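The letters A, B, C, D, E and F name the chains in turn, as written, and every chain counts its residues from 1.
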């Protein structure tokens, strides 16, 4: 199965924050944003795998700047690393106020998807061949993030998470 | 400022999975579920703090079993620990098929909220006094999860994350 | 077919009033609330009958206090009485403003559902065994409410509605 | 304040049943229909009173025939009687399958609205002058329906509901 | 195949402008209005053809007056001319502010639909027999509008568009 | 006021076709697509003008290939020409089926927007400086399309539409 470059799955989604997307402060609700991010990431994962996909997990997301009613939301997604049947998608989210000509970062996140065959069983996906410096760094970090997911999901013991352990134990 | 028990913020949300909530396999999309969880968790955080709240972060979520079209989604949320102006909310999600009399776990998650005053500045919230064994364990684990959030958000160095480090370095 | 207690079908739904749910006064529209109540009641009826259900009728609903934008809506539903293939579900609805720590009643209502078999024909449902004083009173009143439904639906003559007639004619 | 004819508030709403409006049998959910009816009835009440209105109550609704996915929903609404500050709106609902050239009744209902002034206090509305035989009959029945509402809302004693009592006690 | 009159497909849709339908000025967004117009026009085309239909094209739409939040939208649609398997639907849209007793035109438009048989192939539709002066004028203009559509769609050369050419070349 | 290049307003929107977006054939409804196109085009116009905008008109749209449930919709928008206070936005729409690795054109369209100042009056916008061959051709065609809009809107006589007339009268 051939490899693919992250850029081949690059997906851009653009939305306007409408009244029903906001909380009492007139800012985009976190849950609505995570819904849009899920769709953008799923499109990137489908583009990479040429298969239908389902969301397997979402990594820690931290919301930095609120996005205001009427502002524009930009979501960029591309597959950062593929494992056997799963893909990690890297997302970047910005808000933009065109009137004030002000663009600001909202958050960065990782969603993981599994590709399925017509019988709904996991199927193999192409591997990733990172090109840019940022893509290579994200590709390498994917192992460590995967260990966090497996430990948090109770499927790996901390002692076996070598990449992660190296963050804490330098010898 | 007085303390409160987790049970005082207990919130239960129940929904039916409708066609627009599903992917091509007829299963609830991860993004839609995270949207509902955000609303349930926000209600629990408002109930604890008696203040409007905004989502600050969402911890790693792993989706275990798909929830089918027409099935019922149960979301339970309660505040697990409060810090100065922020609250960690513990969520449990089940799917249920009444016809088959089959109830199954979907996921467990932690959302963090900040309480705001009328000028949109963070304001102090009551502390948590855990009662049950599970609440006490969740309360203690909150420090470790907070260190993960701070490290992943670039606001803490791994070496300073003592509770977390203890998972990897036993001496 | 065994009997069940009302508590076994108890369902709690919690929602936040968002902008699109409100009229020009910023209050929850009656139609949106009846939509949520229909879903909460359908879940209770499915839980009681372990079968898919369809709404057969809705009794008189009176909206007492408006629920404001940003406030929380609590809907509690449980089956109050079962007939041959239909179930009456008792609903209670409150609004809550956490900031003002103010909880207020919105309305109380009865929805009736019919359980269907896979061929979409009505199927038998378990009977109700009321436990608390309130459940027993609601159980008894169900006969009278059923007569109102049948008279209003043109399926019963006022003279045959004995429980209802007793309200007006004391001898 | 002048009187108006029911026809002056006549409102017709037409919708297509989309997937998200349906239950597992592919039929329009009762709650979604009541939501549409609320909007159609509110338009009729605003047209009659030239004022913003809020839903005060909904009378017993019985759903006769299911409306299928892809079929068309017709809702007709007109004010049937006005009281001091409130208006009773009479609704008729049909489903229609154009391919089969089959039109069928779904239900008939009464919604009651209160007109508000800019300070959100009830304000007087024009009275109704019924024209057709059906309008006159509906106009007269409104007193009886109002007594049902007041009794069910706990605001009137059965003995004082003279029009209603006459249904049961003929002397 | 028999002919039908435009009035036989007459469809009226009425909606209230809710917060999520509006832009930052509190006016109905053009896209939301075109969505409602598409549904109203599809119902008229189904009513004329007694067959399921799909949107083939939409003619130039010019939005004259903004429709405000809380105002009512009236959409009237009827088939203006039928070709072999396609139908042109004529739409008129008004806004109305009941409190100010002010009704204003928003736009007038033409949508074209194709009727399909169960195998999703175009199928013949009844022809139109216009009755009123306005219907006759609209019926005649349909040829010219069809030529605009075909030229703009690259399916006809300007020289072959005789009715259209006559607008520019008078000899 | 400085000029800007079309590429500076380039906007890409990506969506998945969900069940509620489809007609009975499981294809994206034209009205839903025009709604998304309106939002994508509005973002491009805001990006060009750094001002809030409202939809003034939509040119003839012809839907070529249906986009299926579960497929991805790509919408690309950029300002093709600016007049005094209005902007014409050029849109291209594709559908894509990742599983079949099949990408197909849906339609091409022109939406026109007016930029508003804080008092909701039209305000001047920067002019367009087209770069590529396609942009130059689109820029030139804009005059002709504007004449079509003005004639259809009754604001220009066919004889004064010189660019348009030249299509029909060659001397």
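Convention: a residue touches a chain if its C-beta (ideal position, glycine included) is under 8 Å from a C-beta of that chain, and two chains touch if they have at least 3 such contacts.
Note that the structure is predicted; figures quoted are calculated from it, not measured.
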item	value
Set of chains whose contacts include both chain E and chain A	C, F
Neighbouring chains shared between chain D and chain F, ordered by label	B, E
Taking each chain's C-alpha mean as its centre, the one farthest from chain E	B
Interface residue overlap between copies chain B and chain D, same or different (over half shared)	different
Between chain F and chain E, distance of the C-alpha-averaged centres to the nearest whole Å	20
Cα-centroid distance, chain D relative to chain E, in whole angstrom	31
Chain D: positions in contact with at least two other chains	19-20, 23-24, 39, 42, 52, 70
Those chain pairs that satisfy the touch definition	A-B, A-C, A-E, A-F, B-C, B-D, B-F, C-D, C-E, D-E, D-F, E-F
For the chain B and chain A complex, residues of the former touching the latter	23-25, 27, 29-32, 34-39, 42, 52, 54-63, 66, 111, 116, 120, 148-149, 152-153, 158-159, 161, 164-165, 167-169
Chain B partner contacts - residues on chain C that touch it in the complex	11-16, 39-40, 42-43, 46-47, 49-52, 70, 72, 98-99, 101
Contact footprint of chain A on chain C as seen in their complex	18-20, 69-70
Of chain C, residues touching chain E in the complex	19-20, 22-24
